[in-house]
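Per-chain residue numbering starts at 1, and chain names A, B, C, D and E are given in the order in which the chains are listed.
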Amino acid sequence: MTGTISLSGIEVVQNGARVLGPLALDLPVDGITVLLGPNGAGKTTLLRVIHGLERATIGTLDMPDLAQGFVFQKPVLLRRTALANVAYPLRLRGAMPEAAAKKAQAALDEVGLGGAARQRAASLSGGEQQRLALARALVTRPDLLLLDEPTASLDGQATESIEGSLGAARARGTGILLATHDLGQARRLADRVVFLLHGRALETGTADGFFGDPRSSEARAFLAGKIVP
Amino acid sequence: DGVFRLAVTTSVQNSGLADHLLPLAEEALDFDIQAIVVGTGQALRLGAAGDVDAVLVHSEAAERDFVAAGFGSHRREIMYNDFVLLGPAEDPAGIAKAGSPPEAMAAIAAAEAPFVSRGDDSGTHRRELALWAEAGIAPEGRWYREGGSGMGATLNIAAAMGAYVLSDRASWLASGNRASLALLVEDPDALFNQYSFIPVTPPRRAGAKGAAGLFETWLTGSDTQALIGEFRIDGMPLFLPNARPQ
Amino acid sequence: MGEIWEGVAAAIALVASLDPALIEITLRSLQVTLSAVAVAGLIGIPLGAFLAVARFPGRGVIVATLTALMGLPPVVVGLLVYLFLSQAGPFGVLNLLFTPWAMVIAQIIIVTPLVASISLQAIAGLWEEYRDLLRSLGATSGQRMRTLIWDGRGALVTAMLAGFGRAIGEVGAVMIVGGNIDNATRVLTTAIALETSKGNFALALGLGIVLLALALLVNLLSHGVGRTEARALP
Amino acid sequence: MGEIWEGVAAAIALVASLDPALIEITLRSLQVTLSAVAVAGLIGIPLGAFLAVARFPGRGVIVATLTALMGLPPVVVGLLVYLFLSQAGPFGVLNLLFTPWAMVIAQIIIVTPLVASISLQAIAGLWEEYRDLLRSLGATSGQRMRTLIWDGRGALVTAMLAGFGRAIGEVGAVMIVGGNIDNATRVLTTAIALETSKGNFALALGLGIVLLALALLVNLLSHGVGRTEARALP
Amino acid sequence: MTGTISLSGIEVVQNGARVLGPLALDLPVDGITVLLGPNGAGKTTLLRVIHGLERATIGTLDMPDLAQGFVFQKPVLLRRTALANVAYPLRLRGAMPEAAAKKAQAALDEVGLGGAARQRAASLSGGEQQRLALARALVTRPDLLLLDEPTASLDGQATESIEGSLGAARARGTGILLATHDLGQARRLADRVVFLLHGRALETGTADGFFGDPRSSEARAFLAGKIVP
């Protein structure tokens, strides 16, 4: 995908508190952009604004008209089976039941949930639910993927395999915006890094630049002084 | 509780007579009077249970049973009016030309013109059944509808269906919904309709002691009897007083 | 008091005798009420879902009006339907007055606000849960409503049952537009009102007990359905 | 049809004239209904919360019975209350028959199952959300119920409003136990029934419109309350 | 705390599928026991059985009567403010409103949420919610803490600080059972490790033993072949 997500003068105010911004950012929609920052920095809020789930209080968002997929920090699952959850977005787009089920089964297999297809989504374990949400976001092959800490509850192997899938998607040309607290993951995947603090983008640049030579003292503290999880 | 409760039938209430008389009685007698408006059957049940102190109803046979069973001390005739046969103004069965009420009923049956019956075992219903019997007819068929409602509701049904119906004169004159209905047959003698007052015994309610007697005296007094006779709607009298002095 | 036992005895006798008149009015009660509740569900459930999902100026007033309409006095509904269906009214030519159809119409008007309000409440909770997901997936309004109704069907059974209860016990409106005509529009509630006005309290109570037993039966059956749902759900 | 416009005109005239009789019966309607709904809430909300939280054999049957009781025909309730309060009945000595108290009692019986059912449904959703936490924290049954009622108060307003609507429009029961006595137990609905039976349709409709306006007002006010709640909630 | 949590012949069957067991385990209630295992291994289920939230289908659980605190994998928050959430368990135990609020505020300060005390819990960010749940579990000073991936959404600094709090609690004598996918965290904190796979405890032993010389090939694969998050 080509194109740019342009935010200018964006601010999000909730109940009188500014939770994001002022923000002026141009994010190219290709490769993997990683959002870093401590809890409450505004990563989720930024992703939601870009996805159109939240309206900025002031400022403008300019972006190409892309098919987007979102994986929420807390998975939102339909009260249905795992398979029905993944088939759902396909059905919304008009796929026939059998075709949707077949594609959905393949997507479940890819995240290692093939055997749980007929299980109610709510009965899956925490990590399994997160994988299910990923499978559902991937099954429609969106142009832009927004992922909010998608591997927080995953085991090592699943994390590795999901990172592989994301690499493959990037290779296909899918743009990816990824929020994570896993600095190792950020180093492995990021083409670009946005470092958020108190709602503001303190640094924006290439991954090599950010990890190799962070400019702000906050970013240096974030990367260094803190324990590496 | 210092209140005299009287169960009255719908026609007395709906005609406005109760609202006209009771405030005057309260003034004259110096106790509160509450009218409870129900069908004759329910009125007598309220009396039998002692929930009211007296009843004012019109269904002679039921009243006599009530007194005979010891629920009422005596039956005092107060006033009367008559039943009238109503129907669509065009009168498809031609009952206006009939010589007598039973002949009119026979004409309705012969024409199979729609007829709405109260169907609720009330005094009016019993009178209607008696008329059919006099005419020698057992009414049945799609034209004969048993409504199972009070007089007001039955008049509303007849008005909407354009059907024949037997009503007491007071309810008819008081109805705000006559639609195309017209009074077709009247015969004050044959269709005589007596209203009576029955004090309930023994008085179970602490109530206004002796109130029933005082009220009966007031109701049958010549002043009140004159008031009843003068009560009119559109210039027409609704009830004629006929209490005999004791 | 004795009357209460007489009422129970009357109910048992009525049911035991399989009195054909009783069976007829019971079936008519069921038929009128089920038809009305079915239509009320077809209107009220999508309406509730729509109001749960949509946000537009005036929505608050519509929701409040809907709740207020739960208070529509049956007698007023009966009167309005009567005026519309009477020969003098705009739909007089249809000749529906004093037929079971008129009773169905009146009950639909009474029950729809109730079904819609309870549906709205049930679906609003689910919408809170699903909102972000459905918006993220780009579901159209129609798709959102369908998803919410389907996944919330367990709670919607309660809405339908509340509507059923309201309708099966209703007397004021069906009395006016049906006329309580023997063999045509008499149902359990109008029969109860008639027997009460006749002073036949035991029989009236007996019919009331039959009606309650019927309502209980319907509820236990749907509860069975609901249970099966619940078991399949998380 | 013309009657409908006459009804609207009558309603406007009634309200504009501030007819003292109208004000009296309107206030009595409000007083009876609000008292009944308050008591129904005091019984129905904890009952609904209890049934949402507790699991015991027979719970399903109790829930189904509660839903079935929403179908209690008002006339039957009226009759039962009458038999208990009648001089011939066990509570005759209290002299409550044909007083507003009797009407309140009848309405409590009619409205409580409705309030309890809707509360149960509203609280069941919250209980699903809170269950693990409350069990983990070792909250007693009473504490669980209190927490659920407090945190679910927004939805419980709907339950109370449904109860208010049911009660304010009810006529069958209050007619039997109140007697529709002028200056004592006449309320809006019994006045409407009386005018209807007199064939005074315009006046009956006018009173109906006044009643609806009252219900709408109460709903808009509580909706305002609900909105404030909702804003404070997440 | 002293005492032992004894599970014998425990099995949990859901919808016909055995999700835990057969399990025979004796876990001393002191120090920190870490539950490791891939997604769906049964970590959450085991914690819930021990906490009494789930009843074992067969088998017996024997344990001392301890005041327990639980942090769920998905935080369950009351629809109230952050402060009210933490004060709630104190109020349940009969504390007066002011006393409870004071203690709750201190607990919030400890997890770095002091400034968000009056904020609705639902409006907190994912990581902030997890901290809130931790503060609520810690405020009553339970004898036994059961923690289900409590730092999955936390930033590096918060993770470090929570690990510090857990160390302090352990020093006070609190027994801790901790499920985590963070092997670094497991190495830092564990006195004892239980390695679960497909509902069974494949290894139970000291942390040094498990990390230094895992006996089963599965544990070796889990520790080695997989990416370390």
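Methods note: a residue touches a chain if its C-beta (ideal position, glycine included) is under 8 Å from a C-beta of that chain, and two chains touch if they have at least 3 such contacts.
Everything numeric here is computed off the predicted structure, so don't read it as measured data.
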{"item": "Identity of the chain that, by mean CA position, is farthest from subunit A", "value": "B"}
{"item": "Most heavily contacting chain pair (counted by C-beta pairs in contact)", "value": "C-D"}
{"item": "Centroid spacing, where centroids are CA-atom means, of subunit D and subunit E in whole angstrom", "value": "47"}
{"item": "Gap in Å, rounded to a whole number, between the CA centres of subunit D and subunit B", "value": "35"}
{"item": "Chain centre separation in whole Å, for subunit E relative to subunit B (CA means)", "value": "81"}
{"item": "Residues of subunit C touching at least two other chains", "value": "88, 176, 196, 201"}
{"item": "Junction residues of subunit B - those touching two or more other chains", "value": "150, 153, 156"}
{"item": "Multi-partner residues of subunit A (at least 2 other chains)", "value": "123"}
{"item": "Each pair of chains that touches, named by its two labels", "value": "A-C, A-E, B-C, B-D, C-D, D-E"}
{"item": "Contact footprint of subunit C on subunit A as seen in their complex", "value": "51-53, 68-70, 72, 76, 78-80, 88-89, 92, 120-123"}
{"item": "In the complex with subunit E, residue positions of subunit A that touch it", "value": "14-15, 37-40, 44, 73-74, 119, 123-128, 131, 148-149, 151-160, 163, 181-185, 222, 226-229"}
{"item": "Complex interface listing, subunit B residues touching subunit D", "value": "1, 5, 10, 13-14, 19, 34-37, 48-51, 150-153, 155-156, 159, 174-178, 204-206"}
{"item": "List of subunit C residues in touch with subunit B within their complex", "value": "82, 86-88, 97-98, 175-176, 179-184, 186, 190-191, 194, 196-201"}
{"item": "Subunit C contact footprint on subunit D (complex, rising order)", "value": "1, 3-4, 60-61, 63-65, 67-76, 78-80, 83-84, 88-90, 114, 117-118, 121-122, 125, 155, 158, 161-162, 164-166, 168-172, 176, 188-189, 192-193, 196, 201, 204-205, 208, 211-212, 215-216, 218-220, 223, 227"}
